[in-house]
Amino acid sequence: MTKTKVAILGGSGYTAVELVKLLLRHPHAEIVAVSSRQEEHLADLHPALLGRIDLRCKPFDAAALKELGVEVAFGCLPHGTSMETIPPLLAAGIRVIDLSADYRIRDARVYEQWYKEVHHDAANLSHAVYGLPEVYGARIGGAKLIANPGCYPQTAILGLAPLAANKLIELSGIVIDSKSGVSGAGRTPKLTTHFPECNESVSAYSVGNHRHTPEIEQALSDIAGAPVSVIFTPHLMPMDRGILSTIYATPTRAVTEAELVELYRGYFADKPFVRVRTSPPATKDTAHTNFLDVCVKVVRGKVLVLAAEDNLIRGASGVAVQNFNRMFGYDERTGLL
Amino acid sequence: MTKTKVAILGGSGYTAVELVKLLLRHPHAEIVAVSSRQEEHLADLHPALLGRIDLRCKPFDAAALKELGVEVAFGCLPHGTSMETIPPLLAAGIRVIDLSADYRIRDARVYEQWYKEVHHDAANLSHAVYGLPEVYGARIGGAKLIANPGCYPQTAILGLAPLAANKLIELSGIVIDSKSGVSGAGRTPKLTTHFPECNESVSAYSVGNHRHTPEIEQALSDIAGAPVSVIFTPHLMPMDRGILSTIYATPTRAVTEAELVELYRGYFADKPFVRVRTSPPATKDTAHTNFLDVCVKVVRGKVLVLAAEDNLIRGASGVAVQNFNRMFGYDERTGLL
Amino acid sequence: MTKTKVAILGGSGYTAVELVKLLLRHPHAEIVAVSSRQEEHLADLHPALLGRIDLRCKPFDAAALKELGVEVAFGCLPHGTSMETIPPLLAAGIRVIDLSADYRIRDARVYEQWYKEVHHDAANLSHAVYGLPEVYGARIGGAKLIANPGCYPQTAILGLAPLAANKLIELSGIVIDSKSGVSGAGRTPKLTTHFPECNESVSAYSVGNHRHTPEIEQALSDIAGAPVSVIFTPHLMPMDRGILSTIYATPTRAVTEAELVELYRGYFADKPFVRVRTSPPATKDTAHTNFLDVCVKVVRGKVLVLAAEDNLIRGASGVAVQNFNRMFGYDERTGLL
Amino acid sequence: MTKTKVAILGGSGYTAVELVKLLLRHPHAEIVAVSSRQEEHLADLHPALLGRIDLRCKPFDAAALKELGVEVAFGCLPHGTSMETIPPLLAAGIRVIDLSADYRIRDARVYEQWYKEVHHDAANLSHAVYGLPEVYGARIGGAKLIANPGCYPQTAILGLAPLAANKLIELSGIVIDSKSGVSGAGRTPKLTTHFPECNESVSAYSVGNHRHTPEIEQALSDIAGAPVSVIFTPHLMPMDRGILSTIYATPTRAVTEAELVELYRGYFADKPFVRVRTSPPATKDTAHTNFLDVCVKVVRGKVLVLAAEDNLIRGASGVAVQNFNRMFGYDERTGLL
């Protein structure tokens, strides 16, 4: 059986451990290296991996990865660090699926405005492909560098894609009210994610300035063929994982719910990981899977879309494997069902 | 010290137990009777009350309550049942603070449309006062029958009141995206509130048809002096208590955040239980208190309001005590700080 | 590739949905039928299964299952019901892995004493094999009827097996203090498992009379070759899944921790699903896996064992698949890693 | 009305905020100062206090506190820091209720052995009174320095006191299996208390070496009049607050449950904050109160005690106020019901 040798960059966080679990179950992937500044055994960083993988993290070294026969690297590094780490890999002929935000925004000035960092890698930014398979699928197979999409954006983009593609909604003033589990904030302890602070509580954060805003707008503008602007408000929920986005848009003409359900079913007919439903999805229905559940309603003249996913799988590591499958010619669903 | 004798109708649920705790701490209240079909000791229904109150629930009997000297009854019965139970109390001269929805909607036809029940008590409906002290305060002191406000509506009404009163927002298409803890669903076990179903999950429910919609619109229309219509979407959060409403409105003219903060501070200046903040409130900041925290922002030309409360205290039993204080001439804050 | 046709009896609960997920991923299993009194599509009972399996539940019918070519049925029915349902299957030549307690206790009188029900199927009880592969593995391959082990018992039995087998501990007065997530209580809504009752709370239940007690004692007595008696106290934890048992035993001679760790490593050397650790396991380390993590300590002259598992996978559906693998000649780990 | 002026040392943690809430409601306490290295407004450190107290934290200064008329200081500082801070207060004639562990262990060598720090304040250690009112009540009224008891120890000591006092149990080998909410670990973010690490998980920690062990043994030895030794295992639960201790002891003679319940009722007859129950307590029954619920059972010849409390109120700030009441001649229950 064909095996593609893969490496993971940045082994200490939540997306890395989910990637390891998915890839261990994947018939065509072989994890040959994991990099981290914490030079420890993976199972010491993540006790859940005890007895499942026998790898010690090593400092990042592009040449060493090349020598090991690595064909693709999954980048689980923070933004800013990614764009320092990835160029030598690409130069060595190793393809990259980057889970950070560094190559998602095509316009470096927009990146700098929202991320407050200068972009250092315009060369690779120019050919990076935004790795949302349901929208940019045709370009993923041949990509050298995939900018794996953000967790929130996927719910917003896929939730609105059929409407935007068909010009059924007004393209400005779209309200995206998103609710996320705490793992979305990463694994570094902070007061806001300290258990007794965020348990039994709900709150909004980054109101009006969350960095996923331009990513959502860029993809929706591509789909609509015209500029889209959104009001995006993320909220922290007292749970480990899961995102629910509740989206409010104004239709450009009178629409019925039945018509919209039909439209969504058609749009996602050949997209195995999007499930169009008529009942409101609970994030739990998608937990630990690569499915994104979407439900469209008409309420008092507004279109209301509910989109749910597991933020670590569909929102990060699962869609990364979906991209891996497309890049290496495996069935898109391999290792993900 | 003056003591007002009170009764609680329907002792088995969450609003009743919270009322008992608040009233036990109230210097001017004496709980003399609790009614319930479950004729058990209160501490058997609610082990938290062990050693704190020595009362056995008895079947409802208006005459017996009158004989005990009850001056006011707190109704913790389901809607539908309330309007059967309350008329004899009022007839006996006992004032009532009804925590159900039965007397909240002034127009019986609107009640019937949303609650799918015929209203049987038009006589008392005509003089019931909607017990939101910050808006209807002037009428509460003299009321015989208070329709205690719903949990969600208070966040929406108080969150929008300064804007509606000053005609600063468009009155239709207001989006109210609310997140509630599970105690809001009551104490009767159901699959949707079974722990392994709703824990670690977020979902919307009653999309487009939640019964608090007309209550929100009635009060906001009063405040604005013109019809208001909202898109209200409640969500279930995996936590015991707390509501956060995220509200999106379109200003009728250009506004600045500073101006709106000023407006809110002025509007709530003499309202001791509304805290105007400039940082987004977490529901936990209001947990177990009668405070409602509100924060107003301007985001990309929209006005965004965040309003948080404890759904059982501010959203039900605490505001009921606040109404009790106003009805019997005690300082509004008594027993609530 | 060989496929074994399987059926699931009782499709509405948590063990059934976990079984479906595991078996869908199993290369040698094909789910051909699911029985339930609720004649609905599986994905309507469990929205998580949407798009993953296209089966409608039907009433139980042994002959129909035989006709479909079913070779083995997984019983997810309540105790009492199981012993009514299973005899016709066995009579039709269909092997059974029963997840209920009906065939776990060899002595029908002991069953009746703890379960307060008369046992109706002595014939099959006599040949049922207790399906704990790490202890009774040799008999599982040829079994017609597997009594799949209880969730709590596995942590207690495997946690103590090396000590009991080597007569290193006193066999009476062993304290087993177990903590379980709420899914262990099943899917039927009750006040004790209503979210606002059990969330943010910990409590013991069935103190001194939990039905898993005789099951634990039977297996440990087998292992020790002498009667074992335990004090078993289960506790409900505010989480979905996971069991941690903290076990206190008195050594029969002076022992060192190093010696016991060595003993455990040897005992479980060829048991792929038991992970011997030197750090205390968190239930989360085993979540959604078939691993049982065990850690042995010596504290002030007592032996202390910590054993953690996922109550729905290792504690029920996962070990059932492990038994399935052994019964049909597949590698024990198939579909479980 | 008499008001005692109080100060709080170390305002940033959870015990401080709970103390503030309790003292604000106390008719005879006036908070005149809060010290902290974080020189911020209290409501900025704890948004829940917004609008409830208008105090800015200042660096610790014993002379300044004296000048403000402070009669008693509540110490909410970490152990080690406490014994540096408290001597000047006592020297200035300010009484102290210290919530740290520094003055709990009478023997400085035992302190050093468990806390790995040298004790610097033997002088004050010699007269400190262990502030568990139900056991050391007679000495509290006149104390200059109260060593407020630990959270876990109170459940163990009060849970076993009637048995130890009456020599009904063997004094060594007592098993205390305790389960605590995460707030017990304090407010400093750490990986172990990071939400996605400890949520949905249960684990033991500090197995065999938790610092509350000598505190439990010291008090129980006092009560028994003979040395007591325990096996104490704390566990972290995915909840904010609450401790349940499940205690296993061996009776020295045959006992009945009825007899023990009688014994417990008698022992705690005049102790208003200990509730003797016959049903197993849930931590939630005691949440946000100063009650400690205790239930005694006989299981297969062992005595089993279940003791529940709120770790922040009864386990820290509530019992501190109870001690304050006794020290200043107020009814023990003032401000705590």
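Per-chain residue numbering starts at 1, and chain names A, B, C and D are given in the order in which the chains are listed.
Methods note: a contact is a pair of C-beta atoms (placed from the backbone, for glycine too) under 8 Å apart; a residue touches a chain by one contact, two chains touch by 3 or more.
As the structure is a prediction and not an experimental result, all values here were calculated from the model.
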{"item": "Both-way neighbours, i.e. chains that touch chain C and touch chain A", "value": "B, D"}
{"item": "Identity of the chain that, by mean CA position, is farthest from chain B", "value": "C"}
{"item": "Inter-centroid spacing, chain C versus chain B (mean Cα positions, whole Å)", "value": "46"}
{"item": "Intercentroid distance (Cα basis), chain B paired with chain A, Å", "value": "40"}
{"item": "Whole-Å separation of chain centres (CA-atom averages), chain B against chain D", "value": "36"}
{"item": "Chain A residues counted as touching two or more neighbouring chains", "value": "181, 197-200, 238-241, 281-282, 284, 287"}
{"item": "Chain C - residues contacting chain B, complex", "value": "14, 181-183, 187-191, 193-200, 238-241"}
{"item": "Chain A contact footprint on chain C (complex, rising order)", "value": "24-25, 47-48, 50-52, 200, 272, 275, 277, 279, 281-282, 284-289, 291, 293, 337"}
{"item": "Touching residues (chain side chain A, partner chain B) in the complex", "value": "173, 175, 177, 179, 181, 197-205, 207-208, 229, 231, 233, 235, 237-242, 244, 246, 248, 250, 280-284, 287, 297-302, 304, 306, 308"}
